[in-house]
């Protein structure tokens, strides 16, 4: 479905194919992209509930942002909800109480996500691996309590009744359909932006750092600066996801900053396939869809099922859905051409 | 004309959390009882099926609002009942108004639903913070409790209840010394209570509910707070008394909108309820029943499930059922009926299980609720 | 100090919780030479390397590179000055292609490494130079392979190519022939000799056939301290060195004759 | 003197004592985490869930079997320890050779499963557990009325913490554990069954969590979420103390409990975040934590 | 002859990707003392580690008293009665000297008693309470050897036990090995210090590039010196 890079902890999803294989991969990737986009464009007309689709797209953006960090940089942040949530609150308050227009609300969300990301990143980036995960988790909890207690966040009630307003003062967003296409457009832009980041000179360095950090240091890269930038980019995009979600649903609440959401986004990425482009999107749709579908049917078992998926993914399925697909196709391609080397 | 050829009633309430005893699945059962009674057991009204949907909002406003929106958009729900928790009701009220559907809040306490946040599609059925404050607040101040400190649940309900009670206390010549907020569903109240204790106030006003009230009362006993301060439970349900026991609660004053052991009619209905649930109904569960019954009667009368028509019909009909006598829906959406100031019996006075209250005072409809002068609701001007 | 000395350590010392791994080492590396660091296991060779590249911080002593005191500089800054190391265990970017491995090293000089908005195609102009370097280490045929697929020896060659791409003034090689078959050893030996033109090489190596044939100067460490220094012939005849490293066996055997 | 910095001394000492109670729980939980992390290198996210189950076992024992508190204090750690054996043998075992991050994720998943099951069974509204008869009542300390049970919690947890510390630092079993954290392969080369030791260590850590759960049962609401609410603070405690340091986790736990208590006196709004603020400061000044060793 | 105590055939071993043993074959009879010779990096340590199951992947056959142990977990191998004294000594810093000494559990009856050990290494008795890694290098080495003598292991794998030690201690260790030999222990030693190893061993094995390239007995030693010089050579 797309070009991948392997993730640090997981086994490699794919090796670089030879030139004609690559053509073939590109061609099938293009087909897959077109189909995916077509489905998204057609979604509201084929009976998919637009509010659900918008919510899922927001989470897809969130998961993509997270994947930029975990999948492409090798940093596991266990507090990503904080950035999404803080931005959601910021946008909610600015749009509702300060009367900002939606586009500025979104920009402010990006700034808030990135800004808090910078602060947290400066502290967390000093440690690696599980330490990094635990520190981000703890810092995020701090954001959570600030959101719980700050005077403008509405405490347990959250910020409610955030109007969607008019985009650029022109497009009224109250209509679900026009809102949907705005969300879709933003999603596509973010997706392309992430692809560009990954396939940029900067992305190359990130990849190198993830593959072998001491080596990257010895080549003269100040790796912490690169990681910090990745962290900030990721949190800024997470902020965008939060802001957008606030506009779509009309509220920002504590669920948006709660650590369980941080866990969910890890799962989305892991399930879809970290270090792949489409993985987080598929993961987000799967998890949000599953939650929606199961919530009324099985009650508390949703948590059990989600936990079960986590366990299965970690034990048996570390490449995720997209990663497995790619690996499977890789194996088929390998079967037909002789492997290089030696 | 019935939309989608079914009359769909949805209830979104706390089905698993600290308020689930007060409403929860038993509340859903009360609604089913109302459907059965309104349709003569057939489940069909004017040839259309009546359906009941329910969902758990987990005390989260966002979950409640999303579910409500989804139900209106995709399920064609015609009338939404909001269960416990003010935060969720305020959120659902906004969605319902946007979708122009009828929303009846039963379990939520906040008077804001029919005051500064009122809207034409919201009806508030059982009780509210103003009524609680007027009932219990006045009684306590009259009994000599002049200086107050509040232990307040940190969300829409707690703040509103504290605020409304403060107004009453001040109006009656009392003073407010301070307050401390605790999170909804707090696990340990000890440090909040120590804060309260050092305030030296006479009265500790509990502006919380359900499990939180139960636990704060217990912890207050454990830490000996009850020796220096008197507790005033501002919102106490019969389920709370049941789990705390009469020994701990005897003599306490509380205000409620309904009591199962009030008269023959309430007793008869409650026994039916008890058969199914093995618990006596709370006032909210009775309210669930009443609201559903009145709604379905109005649908039958108008032959339509259009919110505007049904609501107009409901507003012009007096409400006389097991829950309320001579009740009516005011322009701000408040269902006006009598409230009761009750005192908890001593263990000796109680003659049977669930026989817990003496009615100390019936607060008449006119006196119980927000007055026109106080109201900021534009619909009632 | 003379410009002839590219790297100098003065009383360089590293203690690990009371254990002195490197003890007052005064090392002088002459510009343009191949300088080997040998010594028994645990003598402190790798630790020395780690100190020079600041992967660990010295307890005391100083390090001078081209006359500048670099003792307090960050690892990346030291790399930027032109001291590049290779690792005792293979240090490549396994899931990058062979070409990309070298390009990552070349890329730094371009100054666009933080440009996340630019296409990676902007790096293509480095391909030619990268391929050139790969040819130099006989990896011309593997340019587009993913690095994991290479044999161990070829990975080490790639590592050297990557290191060369940094145009280091001083290359630090930690056991470049470790774990290799004979022909790989030979390839690497020739390679080192080849790339030593116009630059200085400091290497740790146990393989005496490599050391004896290409090293100009040898420093022998033992328990953190310098035991001997000089050209191979001299050092290998030093009884202390024979005792501590080359093996008293030889000594004994000779004596027995 | 009746006031300190304008705060009644009673409130001050009272909150400090409550802080000590909380600190005892932090200490016990972070101790278990430290033991598990030390030997297995796994950040046990499920620790909170194990703590929760410890409390539920006590509650269920009382409700269904009439098992009293003192029996629960023994049975619950056994049950939870057995659960720990299962978890380690069936799941964690497969993760030792890969990135430790997966251990964190796996135990996170496990905690979701456990929590979900208990939520389904018992709702989230919370169960009450009566204070055992022997410890009912309160002692008037003059500045506050201290429920006897809370005093017991402090004493019991300190005894348990110090006991664990003693076992690990002063006994031959502890010597094996310590040696195992330093160099498991060599310990195994001496013929010690390290995999078994690892299993038992995890079980032991789980049992510690369960004891904390039983101790907590009478003072808080027993809810399925009681563990996950606490565990993040405990993580912060562990990071501040220095991962894997036994004594560090005990001292830091108690210390942070006290700090929280103090914050409740002077600036209650910040009491929830003070631990995280301290964590940030400690990390900036000493990245390895207060008692941690530089790697 | 009876089954050898240790019999190794076609042993291959890897550390990650690097292939360090390329088909090692040899056997050691009960009560025999064998020394592995070779240059740095020849694979002697790796051979010992492979016997204990401490390398990465292994292939081939390792029989201890006739029991195939390849693929066994390390602790089971050890329980066949093998004591391993690693090159890096492996003294635990978080344990006191005495705790270090008492750490390995008994594997069989007949191990030396603590008193015997302290009699053999009086230094250790003196330093019993100090932190393991605070001991001097020589003391650490003694501790590492002493530790496995306590367990009753009958096959000892001693990796460079004379390394970095003062001549007196080396001498002491030589005495210890001689004593053990007299007691019928089976010993495989890796030694760089030929002067130390030469008089102790019954047999010498020469390794290069992860293979045994030469074997000869104590008696053949004088005639092989020339050749040895070349192999170990300088």
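The letters A, B, C, D and E name the chains in turn, as written, and every chain counts its residues from 1.
Just so we're on the same page, a contact is a pair of C-beta atoms (placed from the backbone, for glycine too) under 8 Å apart; a residue touches a chain by one contact, two chains touch by 3 or more.
Quantities reported herein were computed from a predicted structural model and do not represent experimental measurements.
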Using each chain's Cα centroid, which is most distant from the centroid of chain A? E
Suppose chain centres are the mean of their C-alpha atoms. Which chain sits farthest from chain C? B
Chain-centre distance (mean CA atoms) for chain B and chain C, in whole Å, is 77
Rounded Å distance, chain C centre to chain D centre (Cα mean): 48
Based only on mean CA positions, could you tell me how far chain A sits from chain D in angstrom? 33
Geometric centre distance via CA averages, chain E-chain B, whole Å: 80
Quick check on chain A: which residues sit in contact with 2+ other chains? 148, 299-300
For chain C, what residues touch not just one other chain but two or more? none
Where in chain B do residues touch two or more other chains at once? 16
Sort out which chains touch which and give me every pair. A-B, A-C, A-D, B-D, C-E, D-E
As the complex stands, chain C meets chain A at residues 53, 55, 74-77, 79-80, 84-87, 91-97, 100, 103-105, 107-108, 110, 112-120, 122-123, 142, 144-146, 148-151, 162, 166
Spell out the part of chain A that touches chain C in their complex, as residue ranges. 5-6, 12, 15-16, 18-19, 196-197, 199-205, 207-208, 211-212, 214-223, 225-226, 229, 233, 339-342
Can you check the complex and tell me which residues of chain C touch chain E? 17-19, 40-42, 89-90, 152, 178-182, 206-208, 223, 236, 242, 245-254, 256-257
Could you please specify the touching residues of chain D with respect to chain E in the complex? 172, 175-176, 178-179, 181-183, 185-195
Which residues of chain B touch chain D in their complex? 16-21, 58, 180, 185, 187-188, 190-191, 194-195, 197-198, 210-211, 215, 218, 222-224, 227, 243
